[in-house]
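Structures follow.
Look for chain A in each of the two complexes below; its partner is chain B in the first and chain C in the second.
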Partner chain A sequence: MAAVTFSNLKKRFGETEVVKSFDLHIEDGEFVVLLGPSGCGKSTTLRMLAGLEEISDGEIFIGEELVNELHPMERNIAMVFQSYALYPHMTVKENIAFGLKMTKVDKDEIERRVKLAADMLELTPLLDRFPKALSGGQRQRVAMGRAMVRTPEVFLFDEPLSNLDAKLRGSMRAEIKSLHEKLGTTTLYVTHDQVEAMTLADRVVILKDGFIAQVGTPKDIFEQPANKFVATFIGAPEMNLVNAKLEDNQVIIGEQTLALPTTYQDQADCALGVRPSDLYLNPRAIESDAIGKLTVNIDGIELLGATYHIQGTLNGSRFVADIATSDETDVTQETGEVELFFDLHRVHLFDNQEGNAIRPNLN
Partner chain B sequence: MNKLKKSTIFAYIVVGLGAMIMLAPFYFMFIFATHSNGDILSVPPPLWFGSELMNNIDYLLNALPYFWHNVGMSFYIAIITTALNLLFCSMAGYALAMYDFKYRNVIFAFIMGTMLIPPFLGMIPTALVMKYLGWLNTPKALYIPMACGAMGIFMMKQFITSAIPKELIEAARMDGCNEFSIYWRVVVPLIKPAFGTLGLIVFIGQWNNFMGPLVVMNDMKMFTIPLALRSLQGTGMTPWGAICAGAAIAVIPLLIMFTLSSRRLIDGLTAGAVKG
Partner chain C sequence: MSAVESAEKIPAVSKKRSLKQRLNAKGYKWAPYLFVSPFFVLFAVFGLFPLLFSIYLSLHYGDATGGIDRMEFVGLANYIYLFRDDAWFHQSLINTGWLALASGIPQHVIAIPLAFFLHTSFKKTRNTVIGAYFVPFITSSVAISLVFTSLFSRDFGVINMILTQIGNVEIFGFQPLGWLFPTENVDWARPQYIKPMIAFVVFWRFVGWNTVLYLSAMQTIPKDLYEAATVDGAKPWQQFFYITLPQLKPMMFFAVTLTIIGNLQMFEEPFIITGGTGGIEQAGKTAAMHLYLTAFTEGDFGTASAVSWLLFFIIAILTWLNNKILGEKD
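After this line comes the complex of A and B, so read on.
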């Protein structure tokens, strides 16, 4: 196991810079997820660490060692690919053992390690099968077994679950998590699926256009987004953002005013953010010393089982609320004005120029 | 239904006629191999097997004392050429399909461009180069110039592009393979169908090659079969029965090979043509 450090890492394809000044330190044994939309540079970053992509600028360290010029094999890392990349002409056993054979590990040791991995991943009855005779989930486990047996210092996962159906994805996620807990290997995992990121990661790195938009624990990222991009990228449905003004500790949205419980600097052009799941029809459902209220013009309600999905507009912006069906207030009104309540401690404020979060004054 | 049946019958007739036209030379080759020259040149020519096969073979072996050596030469040259083509075409195809390097497309276009040059144009320069190298009357004068061809490279590149995902190559690289072991341990086992197809094409092409040996071989012992049989057509009466017997012997290995692997040949030629 080893820590991984990216220092001012850059990647250019011709004139296009896809990774721009990437700085990150991953602790030994940590599980870090790179999350972002397509084209944000997350896979490229992972591939640079793997040695599959040349580095345009900057440095990568695994442990104390600078690995910029090292061959992928010399970096002592293992990678699970999106398409699993199993060798179709080899059996499961041969697939798992291939890396060890290539590095000239002793035959008995290969047998021992393959058996250990196969037992751990429940692949023992499948060892003599070829990849084409395996299901998606089994292939995924073989790919993990192949990575595991090499006892690498760092595990890399490049969107490993994106080819699986939703149900299997859930169970494989749990398997990856428990595998990491058992092995404790430093892991860098790339995905565009926020559920994977939130459930697996010790820390999430959110990337946008080649930059790090925020690094933090899943809880931090969700509860304290550093900017509008993170605020809207994390959470489904995405956070409501409404243009507002911050004056004398009050948020002014059109003709509505919210008195904030914490002190902020005045801001003429800002955005108020409220997560749809933080909204209630019944103020008694909120346990807080500061409850805010907004009147929203609604234009549709959908029952999604456990929640009512209310859609409307507020001050010209789309406004959505997910109201638990257990909320005592009946949702019968499909159009017109509705009062929505929320905990004022859970609102977010963003500067509209830079898009960054506005934090309360500490003194 | 009736209309469909008529069109099917028509199609069968067209295909049947085509097959007869294609197979007629082969049929007559086997028939004439069993007849004397007099019978062959009579009108109408014989349409069924005769009893002169052994006489024709005797004549052939007398006229061509190195006939079996010539058969061996043909095998030797065809096998070596095939092996070299499989190696070099697959390596070139793999490099062009999987590596990003400067001028890759230009190089590929240049290779493809060589297909536009008629092979006869290169015949005299090749013969002169072989003479300069002192390779005339040696098998390498045939298999070295033919060791790699644009058609083979193109076929391999297309097959590798469609059959091998880049991630597989990257996985092998991460598993500790160097560039040659990626090719040998991962790429080669996965392109066996293309090997089968290209192997057959090259083998058949080289077995039937007449012009190549004609310009670089003048020692009868080093002749390949087509050249040896051609040498029977000297001055005076051409022994058609013996030539046909020799041609029949020459064609038997190809017929066996093709029968055993025609399915693979057709599969390989159409691989990647449609979405699987």
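After this line comes the complex of A and C, so read on.
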């Protein structure tokens, strides 16, 4: 096992710079997820670490060793591909053993390690089958087994669950998590699925257009997004952002004002962010010393089972609320305007120029 | 006209002949068959009949041009004659086997690495290069054979000119390459040279075709497999042996089958290169040539038909064997 350090990493394809400046230190044994929309450079970063993509600029260290010029096999990494990339003409056993065979590991040792991996991943009854005779989840496990037997220093996962159906994705997610807990190997995992990122990661790295938008624990990222991009990218439905003004610790949205419990610098052009799940119809449902209220124009109400999905408009911006159906207020009858309540400690403020979060004054 | 009126009128018309009745009429019933019949008629006359008639012929003796009633039923005598007594047939089979192997094996042994090279080393110019390799395949085999005949000509051929010039290089009165290269013009029509020459022409003609087949198969192998193998520590040559070759197996089966069928029926190249005679000592005579000469020179259609059926069985057996070796196993 080893730590991984990226230092000012860059990748250009011709004129296009895909990864612009990537600095990150991954601790030994840590599970880090690279999360971002398509084309943000997350897979490219992973592939540079794997050695499958040349590095345009910057350095990558695995442990203490600079690996920029090392061949993939010399880096002692193992990778699980989105397509699984199982060798179709080899049995499960041969697939798992292939890497060991290539690196001339002793036959008995290969047997032992394949058996260990197969037991751990419940692949033992499938060892003589060919990949085409396996289900998606089983193929995924074989791909993990193939990565595991090599006892690599770093595990790389490139969107490993995106070819699976939603139900299987959930159970495979749990398997990956438990595997990491058992093996404790440093892991870098690429995905565009925020649920995977939130559930698996020790730390999440959110990428946007080749830059790191934020690094933090899943809780940090959700509760304290560093900028508007992270705020809207994480959470479904996405966070409501309404243009506002900050004056004397008051947020002014059109005619409505909210008195904030903490002190802020004045800001003429900012955005107020409230998560749809933080909104209530009934102020008594909120346990807080500071409760805010906003009146929103209703555009439509949908029942999603556990919640009512209220779509509305506030100060010209879309404003969405997810209200638990257990809330005693009946929203289906609401038309025109609705009053929505929320904990003022849970609102977010962003500077509209740079998009960065505005933090309260410390004193 | 009101709707009620028109509704009343329709049954009056259909009383004569409803749509269903009209479709059931004789003309309609037969029309589809009439429209598809040209193919079946032509196939029956020029495909199926000769095929079945050749079975009939192979069991008879006599000149078929003199009428069927002049032919005599001889059972398997034609086949027995071929097996036991027809030395030229035996020679032609040996020649065919020799030529099939000598031209067929290099076709694949060279086409696969060549395709791998084109696949990995060429990007923008790939299609032009493949096109160049493919040209011999779409060129008339007669033209090719004529060109090669003149290239291999004893007195005026370019090949003899080059070889003898190398062989005659003199350094201080010695000819250091004389032991390897000829110093006098070679008669390529001699029995020991004619087969390699034919094999070379056939190889040259089909290597591009096989390269295209293998290249197209290589392009379908997912890039991920090579990346996974790279991460697994496989060097490029190991990737070729462990990933590329096994993934080419279905295409190998197809390409080798085509080669077996094509090479065992080899006709144009040896026919033109040997001037239709089979060459000195029949060294360049293939089974297909023997068939042709037996039928159209000697007029023995019975034996010729037996040759064609024997050839069919040999091809069938070899294709079956090929299927056992390279075919999909499930």
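Following the convention adopted for this analysis, the second predicted complex is superposed on the first by the 362 of 363 C-alpha atoms of A that agree within 3 Å, B and C clash if a C-alpha of one lies under 4 Å from a C-alpha of the other, contacts with A are read in each partner's own complex, and residues count from 1 in each chain.
Assume a contact is a pair of C-beta atoms (placed from the backbone, for glycine too) under 8 Å apart; a residue touches a chain by one contact, two chains touch by 3 or more.
The shown structure was predicted, so the numbers you read here are calculated from the model rather than taken from an experiment.
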In the superposed model built on chain A, check whether chain B and chain C fit or clash.
clash
In the superposed arrangement, does A:50 touch chain B (first), chain C (second), both or neither?
both
Classify the contacts of A:88 with the two partner chains as first (chain B alone), second (chain C alone), both, or neither.
both
For A:102, using the defined touch cut-off, is the partner it touches chain B, chain C, both, or neither? Pick first, second, both or neither.
both
Quick one: is A:13 in contact with chain B, with chain C, with both, or with neither? Answer first, second, both or neither.
neither
Chain B versus chain C as contact partner of A:73, first or second or both or neither:
both
Which parts of chain A are in contact with chain B and also with chain C?
50-52, 71-73, 77-79, 81-83, 85-89, 98-99, 102-103, 146, 150
Where on chain A does chain C make contact in their complex?
50-52, 71-73, 77-79, 81-83, 85-89, 98-99, 102-103, 146, 150
In the complex, go through chain A and note every residue touching chain B.
50-52, 71-73, 77-79, 81-83, 85-89, 98-99, 102-103, 146, 150
What does chain C use to touch chain A in their complex?
222, 224-225, 227-234, 238, 242-243, 246-247, 249
Residues on chain B engaged by chain A in the complex (per definition of touch)
165, 167-168, 170-177, 181, 186, 189-190
